[in-house]
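Sharing a structure with you now.
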Amino acid sequence: MTKNIVILGASGYTGAELVRLLATHGGMTIVALSADRKAGQAMGDVFPHLRHLDLPVLQKIETIDFAGVDLVFCALPHATSQAVIKTLPASVKVVDLSADFRLRDMAEYEKWYGKGHDATDLQAEAVYGLTEFYREDIAAARLVAGTGCNAATGQYALRPLIEAGVIDLDQIIIDLKTGVSGAGRSLKENLLHAELSEGAHAYAVGGTHRHLAEFDQEFSAIAGRPVTVQFTPHLLPANRGIIATVYVHGDAQQIYDTLQAAYVDEAFVETLPMGQHPSTRHVRGSNFCHIGVVADRIEGRAIVIAALDNLTKGSSGQALQNANLMLGLPETQGLMMAPVFP
Amino acid sequence: MTKNIVILGASGYTGAELVRLLATHGGMTIVALSADRKAGQAMGDVFPHLRHLDLPVLQKIETIDFAGVDLVFCALPHATSQAVIKTLPASVKVVDLSADFRLRDMAEYEKWYGKGHDATDLQAEAVYGLTEFYREDIAAARLVAGTGCNAATGQYALRPLIEAGVIDLDQIIIDLKTGVSGAGRSLKENLLHAELSEGAHAYAVGGTHRHLAEFDQEFSAIAGRPVTVQFTPHLLPANRGIIATVYVHGDAQQIYDTLQAAYVDEAFVETLPMGQHPSTRHVRGSNFCHIGVVADRIEGRAIVIAALDNLTKGSSGQALQNANLMLGLPETQGLMMAPVFP
Amino acid sequence: MTKNIVILGASGYTGAELVRLLATHGGMTIVALSADRKAGQAMGDVFPHLRHLDLPVLQKIETIDFAGVDLVFCALPHATSQAVIKTLPASVKVVDLSADFRLRDMAEYEKWYGKGHDATDLQAEAVYGLTEFYREDIAAARLVAGTGCNAATGQYALRPLIEAGVIDLDQIIIDLKTGVSGAGRSLKENLLHAELSEGAHAYAVGGTHRHLAEFDQEFSAIAGRPVTVQFTPHLLPANRGIIATVYVHGDAQQIYDTLQAAYVDEAFVETLPMGQHPSTRHVRGSNFCHIGVVADRIEGRAIVIAALDNLTKGSSGQALQNANLMLGLPETQGLMMAPVFP
Amino acid sequence: MTKNIVILGASGYTGAELVRLLATHGGMTIVALSADRKAGQAMGDVFPHLRHLDLPVLQKIETIDFAGVDLVFCALPHATSQAVIKTLPASVKVVDLSADFRLRDMAEYEKWYGKGHDATDLQAEAVYGLTEFYREDIAAARLVAGTGCNAATGQYALRPLIEAGVIDLDQIIIDLKTGVSGAGRSLKENLLHAELSEGAHAYAVGGTHRHLAEFDQEFSAIAGRPVTVQFTPHLLPANRGIIATVYVHGDAQQIYDTLQAAYVDEAFVETLPMGQHPSTRHVRGSNFCHIGVVADRIEGRAIVIAALDNLTKGSSGQALQNANLMLGLPETQGLMMAPVFP
């Protein structure tokens, strides 16, 4: 018997990506899809690439019957997400893809997101959804908070290194390049094709990107002391893909060995041979994260590069991986599709 | 027990696409991969997006043991393909992705491909691989000839209409736009990113594209008289996707009804509601073909638009669909993945 | 002494393109720039690529002093354009880039643009701005109506042929592919990078695109009888460039000779050698239009292909070419920059 | 009277870019164009975007008569360049766009370029071509060595800071992203559209890119001590444009003031207002370099971002700027065209 699934916020890119993944999952059935402004429309009209699927019509959240539902994917904007999730029946498991339950310190939430949190009790039980590092907690959780896509990429490169104490915690720079789908389907001038194609630019320069809150929280917790990284994201003329070029002080071989050991048993995180490094094209459309390590010509410095697909491993694929764990299904179910290249 | 599969010419894009599709097929095991110049290399080095798979090392064709092999996908260039296939054991089924066995008239082959055919007896038994129209013959065949990707797209738009006699056979124009991956991984100046991106151009203008040989053969056979279409392909700054805009004389509603009826039971060919028309983005990475019909403002004329992914439905997906039939597996096995959008 | 120029609607792409062209023109000085919602901002903030120029701050139209102004470029939306232009002093020459003054028949305007015209007396004196064909009228005009960018491309391919009577007037099909900048800087979901890149689709299929009104008007006037063409535009994942593939019935050599003769003395329209055909990349950023002719394999049919940059020759470059004529300057002044490739 | 110009290596992208710029320069006449393999072809056949120009037919170098020639642009590959330049008459001034004369230390040349230098006497007189910093020497030089495009970008961000002593010389990281045209028109698998579009990757990671030789030479000379930077280039799916994100330790305001003061009188280097930062799109097709400074959230650290067009300011535009100086023409002649956006 398959599990009954609801996707809230199905008219955005992460919602559509969830539907794409569930289409061949085999163990989950979508019983309701919500979209506020597009309620009443067929999913295949909003996303014609899904038109071959037999899907529920989009509806408003308040009309959904959650009886018998096993798990809800919540792909709503932050703030909205917490307001909705606190109204869901306690019997329903939740994977939230917004930023609402990522931060354990409510003061940090308010600092980065500009308003207080309205569901602090739920926050207290939420588990941070970086699967490979919170696997057991996730399997036991009722509410899992999906990570930021940039935050996930940087953490795959750095967590084992901080844990192992093999890099200088005060000299970490994450120069990240991301495709545009991470910004969602929102109508902003800077997301127009004519504005974005054929070039590149940085944004949120100087330490203002909200995913820094996750880096701060997670890296400091691992290190047992405050860790403050530099982080500059750039927008690429591509739809999917994040590549993080991480500059660290430490011994390259030791760094490589640490990462290789950390991920050797992981299905989705691939450590490339020493000296090789990844491309976003080679993880596109998949749940894989590729990581490479190169020694710099300056003794004692190394470059760690991680790449993943922001919509899959960075968001909806991660969410499904977590849902599999929460529902007692094999962790990799529905997620082993190979990347789409070229 | 899974079927044993060999892919010849695995270092090209169609070869890699076959591996991508087989990665989650479940009923086929790749027992050998050939690549002439890259023999000895790991497939994951040639195509890093496939590095998570446990695949045979690339080898030369002559070193492959075909004992116990159920089916060979032959993704070699034309001419090479016929030379290789005629050396394969008769017990092995073959899906050829080259142009070598598409044409039944050897004079036509010589006219379009510039040299005589060296395996005319094999040609005599080959079945044209447009699955939806040759399904029974394909299921019984030993050798199936994959269609040209442009030829497939145009035929999905036109075959039922010619069969039903609802369009003027002397007034057919196919204006087609294709992504660049159809040209393969060959080193040509006009395939460089700097030459191809940010614009569009036509090629093989005036009726010189080799896929016209397939249109001529198939349309004339259906009509029982010579049918000569106009066909202009254009190269797009995109990797995957073909869209054919087909201008016909006929009643739009009748045309729509004919197509709708022809494909109503097909798993992979979707007729959009009357007046709607497809985008390559909505079939990308999938085995689906979307077809739309719009009436022109000029009475008695209509536009039929068909879109598919040249590497999947136009080539490797079609090949796998045919292989499923030839091996007695469900036709859709391994092919129901949803398109990747955005 | 340079001419005093005002640009209304300077915050759109055609406005910015005018500023780009005027930057090195030498004979015109921009004395005012208008932008309604962005009034008060520096042009270099709205368009950072123009930040090196010493330009007037953006202001509301009503605050502009038109005394001493020689010519106004009006890059406002249609309907707004007519309302504004009728308030301008009679002493000021106007080049309008909107659709408002292109159509001589007010019933046609209402049919295609959905509302009546409010400046019919101005319309009566407006000259259609396809420079090469209305050169003398334009030089003498007070008000010139810039053409549609698609309409310009199709007309360069067809006008001489209709004029010369060398093609069948009832068998004209224009299959056109355009970059996205023609749609302007407006916030629409279908103009987002994630929606538009990596694929292609048709729009306004079946004879509903407004530029058809221009084809109808102009072609019928030349022929002296109604001419109704088929026209299907497609959107490309590129910013600049239009390529029109035009299918005609007629003798290819005669068609070639006719076009070659028509444009032999034109500075901006280049007829390629017989059998060659253009690419949008090779006119990008320039005021050139390239035209090619290829005979089809079907006797008596030919393909004419025209390419230009929609923002330059299709819009702002055309506007400047016309302004040069209206102000008694050399027609090519400021417009001879070579295309930007790659 | 205009100056007589020869371009050697005109069939590559930098050669074509020189022709584009000279088309509207006014003070230079191209009297010969060389291309070895394409000798005998018209430039307009090799680069159709230049077909409107009246240009000499491509010829082999040995057939060029250098009598009366004022200046040669040499756009040949390194090694070839030195062999050719040493055969040119001493009366001819030379701007070399290759790497051959950039390095003053012949051991460094051999280390980075893998072979000894065959024109060491010419090297001794060559002036490094970063115009804004070698202006007087360039004006007096017979031979000017064009800089690497990446090397130019990094130097615009860093030279004034090193000169002023406002940053820590041991903590400089240059994370650079470049478009693909910098790699030239060479046939390499990794430059194909299908390989490059839709993603990003790093290359020459760890301090192996040859432009590091220029950073080492120039920064060490300015500082009067060895300066060793970290430098990681990335390849973008765009044709033109380089953006360098430079991480430095120092006071952001002091850094900003230093850069602002250094470039305040420069025609082509624009310092954006404090806190703003550039995009490659806004310099595309132009000779401008935009620079921005942002303070990091970590006290004492700043990010300096510089962007330019690799083919123009990074190569052929720089070459023309230098040639203007060498020939006694205004430095900005032919170079003030505005960027092409969108």
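Letters A, B, C and D mark the chains as written, and numbering starts fresh at 1 in each.
Simple rule for what comes next: contacts are C-beta pairs under 8 Å (C-beta built on N, C-alpha and C of every residue); 3 or more make two chains touch, one makes a residue touch a chain.
Since we're looking at a predicted model, the values are computed, not measured.
A.B. asks: Looking at chain pairs A-D and A-C, which one is connected by more C-beta pairs in contact?
C.D. replies: A-D
A.B. asks: Work out which of C-D, B-D or A-D repeats the contact pattern of B-C, with more than half of the residue-numbered contact pairs in common.
C.D. replies: Among C-D, B-D or A-D, the interface that shares over half of its contact pairs with B-C is A-D.
A.B. asks: For chain A and chain C, what's the span in angstrom between their mean Cα positions?
C.D. replies: 45
A.B. asks: Cα centroid separation between chain A and chain B, in whole Å?
C.D. replies: 36
A.B. asks: Provide the C-alpha centroid distance between chain A and chain D, rounded to the nearest whole angstrom.
C.D. replies: A distance of 39 Å separates the two centres.
A.B. asks: For chain D, which residues are shared contacts with two or more other chains?
C.D. replies: 13, 181, 194-195, 197-198, 237-240, 278-279, 281-282, 284, 342
A.B. asks: For chain C, which residues are in contact with chain D within the complex?
C.D. replies: 13, 16, 19-20, 23-24, 47-53, 181, 198, 239-240, 270, 272, 278-279, 281-286, 288, 290, 336-342
A.B. asks: Using the touch rule from the top, collect the residues of chain D that touch chain A in their complex.
C.D. replies: 173, 175, 177, 179, 194-195, 197-202, 205-208, 212, 228, 230, 232, 234, 236-241, 243, 245, 247, 275, 277-282, 284, 294-298, 301, 303, 305, 307, 342
A.B. asks: Please give the residue numbers of chain A that touch chain C in the complex, ascending.
C.D. replies: It comes out as residues 13, 180-181, 185, 187-189, 191-198, 237-239.
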